Amino acid sequence: GKFGEYGGQYVPEALMPAIEELTDAYERYVLENEDGFMDEFRSRLRDFGGRPTPTQHAERLSERYGREVYLKREDLLHGGAHKLNNALGQVLLAKYMGKERIVAETGAGQHGTATAMAAAHLDMPCEIYMGERDINRQRPNVFRMRLNGSAVNPVTTGRGTLKEAISETMRDWATNVEDTHYVIGSVVGPHPFPSMVRDFQAVISEEAREQLREKTGGLPDSVLACAGGGSNTMGAFANFVDDESVGLYAVEAGGSTLEVDEEAGVAPNSASLSTGDEGVLHGARTKLLQDSDGQIMESHSVSAGLDYAGVGPELARLVDDDRVNAVNVDDDGALEAFHRLSQLEGIIPALETAHAFGYLEEHYEDLGETVLVNVSGRGDKDLETVIEETEKRDIEAAPSMAAFSGGI
Amino acid sequence: GKFGEYGGQYVPEALMPAIEELTDAYERYVLENEDGFMDEFRSRLRDFGGRPTPTQHAERLSERYGREVYLKREDLLHGGAHKLNNALGQVLLAKYMGKERIVAETGAGQHGTATAMAAAHLDMPCEIYMGERDINRQRPNVFRMRLNGSAVNPVTTGRGTLKEAISETMRDWATNVEDTHYVIGSVVGPHPFPSMVRDFQAVISEEAREQLREKTGGLPDSVLACAGGGSNTMGAFANFVDDESVGLYAVEAGGSTLEVDEEAGVAPNSASLSTGDEGVLHGARTKLLQDSDGQIMESHSVSAGLDYAGVGPELARLVDDDRVNAVNVDDDGALEAFHRLSQLEGIIPALETAHAFGYLEEHYEDLGETVLVNVSGRGDKDLETVIEETEKRDIEAAPSMAAFSGGI
Amino acid sequence: MSGESGSDPVRNPDLEAAFADGPAFVPYLAAGDPDYESSLEYVEALERGGADVIELGLPFSEPIAEGPTIQSAVVRSLEGGMTPERFFEFVEDLDVDVPLVCMTYYNLIYQYGSEQGPRPFVERAAEVGLSGFVVPDLPAEEADPLREACDEFGLDLVFIVAPTTRGDRLERIMSQVSGYVYVQARLGVTGAQEDVSGQTEESLDRLADYDVPKAVGFGIKTGEHAERIVAGGADGIIVGSALVDIVAEGAKAGEPAETVAGRLEEKARELKQGALRGYEQRVPQAERT
Amino acid sequence: MSGESGSDPVRNPDLEAAFADGPAFVPYLAAGDPDYESSLEYVEALERGGADVIELGLPFSEPIAEGPTIQSAVVRSLEGGMTPERFFEFVEDLDVDVPLVCMTYYNLIYQYGSEQGPRPFVERAAEVGLSGFVVPDLPAEEADPLREACDEFGLDLVFIVAPTTRGDRLERIMSQVSGYVYVQARLGVTGAQEDVSGQTEESLDRLADYDVPKAVGFGIKTGEHAERIVAGGADGIIVGSALVDIVAEGAKAGEPAETVAGRLEEKARELKQGALRGYEQRVPQAERT
């Protein structure tokens, strides 16, 4: 349950028995494929989720950067992002464990919609906690969750965003721990979540590694993935970690600046790997955006899905070990990359994903001959934000926003 | 170019040379795989589009109906619907033909977004005609097209919907025919479009037939697909037409009623196969919604994508030959099916697609032991419509719309 | 006429005659635009202005070959209650002596009457005295049934030749055409957008070997245009949008029909005079047979 | 105490003494809620009302184990400028004689001071006279560094035992606990939601073999609750939300601190008296040693 000094199980005692039960289930079902759990998981990922997703050669980006750029297309997974890999795995595991109810938190709504889909598919009652402010920012996702039969519970504490929703879900779990499983949405939280979510997401790099070898006969020189909590990141890296020749780049949200306003408790970025300090949050020791007292900062990013003050403990360890490069791209760079990918490749990426392409634009010369970028999700959910944020800037590649000023 | 008495090439003389050139290109590249066209098409469909899409066993529907229900998951194709199969094929063909510009029409925006994606992917300038009223109803799709670098030209004639957009695109094509290809969005229009679009979409049933044989060892007893113009329908049927044991059901939009208001020139449905008369529209002889003089009626459906007064000529022929059953489901049935699939299977279908599931609900007893339903697209684009239309009705399976009355 | 395949189509003597003696001015108006009675007056004004043949549009709800001007005329006419049956009454009510050609889309021809197919429509057209048809969405490949009906009832079937029409296609069309050939001066749809006189010569060159009258249309809006087109070799000019514009302006301003009719007559005269001037340049009086 | 593994933790005599003589009343307030000065008065009022030990909350921005009542207290206190350093000053400024236990989350303990790890925090806590800690997000498995620091400076480390804590886990916790064990009466988070006296007996049964004092918390809001809990075998009662509610109401109404303090004292007295009645039922005066 530890990644060097990171990880662990910093949770209320009431949850510890559930965590132990989950650890046991993880070891038996996930690691040892007991009762054919992993076979069923892979089969459902294929038929319900649409795996394998392709690894696509990006012709126009390759031309632009003078190297071979490949895209791992997680945007094509059911629900529109890599999130289903994990949600489906955990809901299925909950079924194997005999749980009767699922809770989950969601920020941008992507994990919530994936969990709601998985819960409907597996006939599992599901409640999703979401900050009230996020609910107002992400109404289509709220509606989708409800269409799938999940209850969406507004969280009114604090600023009403992801951080508060996680805390609130932990409270629900602590109350209903005996029949309930908490589907954590990223490689965060207490052990076994960081390892388990990584294992569910590792299918990304398992496929990509094989697909790329088929296409190129070799390995990529570098792999780029955006990093918020880090589930698509660890998924994209997992099967390359042992390939020492492959550079791994976790691209965090640089927000408006890496400077923090300690007085206000605000970090106008979500770059926990790049700028955070070790600490304990939401069940694990990891790198955090915190003030010198240890109070957690409000993080900020144009991309709601990266907007989290923590990061997966395994990533923190891999960065400390210099195996993963913690880099970041600011809001401007991400927005430009969003428009660039949309226009050049006919793929509208999630704003999260756009950060990885922003890094490609800025540093392609350092990334070797073959670059694999994880397209963690599609951008349909971000259209309103893109309009607002594009209007504030002068972005060459962007179409005129004039007709959409009032929203869409 | 004919399907019995249906089909043909009823187009202005100025377009005939282009139609002949296209027919030649269709025969060489598509039918004979000249220059490896079909290989490249299939490869791009796989890597860019995400093919093959799965054929999924629908557990909860199977239980509900006491038979095995399988879903062909075209909703997982890039862009969210089967539309890309055709758009990518045609844009690629235009490139092989040396065309320098693409035009397309769109109603609900699905074909337009697919074409815009394909055009960006293949670096082809693209203009899309869309009725002004449809533009206002489908703003997210308009925005997506523009993000992909396409121009969206509003059509202000008539009621400003699909019918007028098709006419306007034909006018553009007639003006710029020498360097421009018109990417028709369905199995309609003059020959070779109905055959060519069918061939591009036939990958649906090619895959499904094989996938189903792998899963069940046999063929389905029936195949259900919604039918507007009929491209997903013909795609889903094409490889089953010769299997006489397989019942084929083209589910049209019954709208509010099959009765027509001839005085007003309005058919409150889009059931051209079920209720239409033979006639000539948009380049082909086919079944049409028309008044006794031959003027085309305004069609209506809760699903904008089915809202078209014509239908593919090959489908018209297959219905006359009793090979395809022309059936229909009304707006109420489609909306109920939309909510049912969302809740039971964790798949939010397009409202078009929901019609097929409405028919399954109403007639499952007649459909044999194994039923294949084509999930032609996902429903994200329809959320606003679903809110509006659900509020007007009392739908048991629907979540409360109260929080979403103002739109999302 | 030098058709190379099939039997020669029957030729209606009216249209032949209209082109026999100098350049033909062939104006177009949508029947019933903006209303039945005014439209009668407008068509009659065209004759007074010098029309040799008149193309009368029977409006179809999906006019895919028309530009915005004629689309709007179609909408006005349909909203005014025009139907195929009313159209025939309209022709009967018209007091003009020049040949009338019905311009419409194939579905209306196909649907008319108790049986499907073009025959009932053509029969009725013959009854009311129409001389022929132009059907923009009916290429030669699909025209056999209509051609046969026209032959049966002695009506002409005018085909359009586009700038893109060449080689075999041209042969095929020219073997079926009768009355006159509608030479589309430029690509695109109808509409008085630009001076096309420069593009006409090449089109006419391709048709030089065929002895059917060549009427050039698309984009002619002034007497000067008409003059240059005819000087370039056209046997006639077809003018639609420039005239429909006058109807549209009148309808918009709510002007009395006779005011609008006067303006139409004047415009017709301008165009006819231009055509005559062009003819004079090409075939000086002295050289005429 | 019957811990089975590891060396026995050092025990702080203050907490032991507080439970030695009859049932202990252990109230909780968030330090600095709603402001520094008022909060000092409130804590002192608790002592006047009969507190035997006081749990003082050092607010953390992500209080995952707290219900809405204490979350709100945390927000008020943080907005009032509470920090770890201010917290220690607060403890120094307090004029009370009962032992004080710091209740906070591990990150604040971990981050304090110039080196990472809990030692600087514990050292400073000892300096200001705190007697021990309750850390809701620090289970026994992760507690070694804090346990070691507590042993070094002679402070107690209170652990929570939940209804779900059984078998090996219970052993592990009981081998590390000192001061008292915080018996969580029901699942969930803090908050005065329901009468939990009925659920207490089973919890206490499981702990019967361990001789560390058992203080029951979660959901006690009245003297009657306190009475039943103590009658059921508890050595003490922990009450937080019922008291924080009084602070919250006062803050909302803008009442003078002394009014609120009076109300707190009164509530404390009610709870303490209830505990004493329960103790009397369980251990009649006559039977006491």
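Lettered A, B, C and D in written order, each chain numbered from 1.
Following the convention adopted for this analysis, contacts are C-beta pairs under 8 Å (C-beta built on N, C-alpha and C of every residue); 3 or more make two chains touch, one makes a residue touch a chain.
Going by UniProt, the chains are C, D = Tryptophan synthase alpha chain.
Just so it is clear, the structure is predicted and the values come from calculations on it, not from any experiment.
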Inset, instruction - Please report how many Å separate the Cα centroid of subunit A from that of subunit B, as a whole number. - result: 34
Legend entry - Inter-centroid spacing, subunit D versus subunit B (mean Cα positions, whole Å): 66
Inset, instruction - Just give me the whole-number Å value for how far the CA centre of subunit A lies from that of subunit D. - result: 38
Inset, instruction - Compute the distance, rounded to whole Å, between the mean C-alpha positions of subunit C and subunit D. - result: 98
Legend entry - Residues of subunit B touching at least two other chains: none
Inset, instruction - Examine which chains touch each other and state the graph shape they make (line, ring, star, complete, other). - result: line
Legend entry - Touching chain combinations (by label order): A-B, A-D, B-C
Legend entry - Contact set on subunit B toward subunit A in their complex: 46-48, 50, 53-57, 60, 73, 75-78, 80, 116-121, 123, 139-140, 142-144, 146-149, 339, 342-348, 380, 383, 386-387, 399, 403-404, 408
Inset, instruction - Spell out the part of subunit B that touches subunit C in their complex, as residue ranges. - result: 8-14, 16-18, 20, 157-158, 163, 166-167, 170-171, 174-178, 265, 277-283, 288, 290, 292-296
Legend entry - Complex contact set, residues of subunit D against subunit A: 60-68, 71, 75, 78, 83-85, 105-108, 110-112, 116, 136-142, 159-166, 169, 173, 184, 187-189
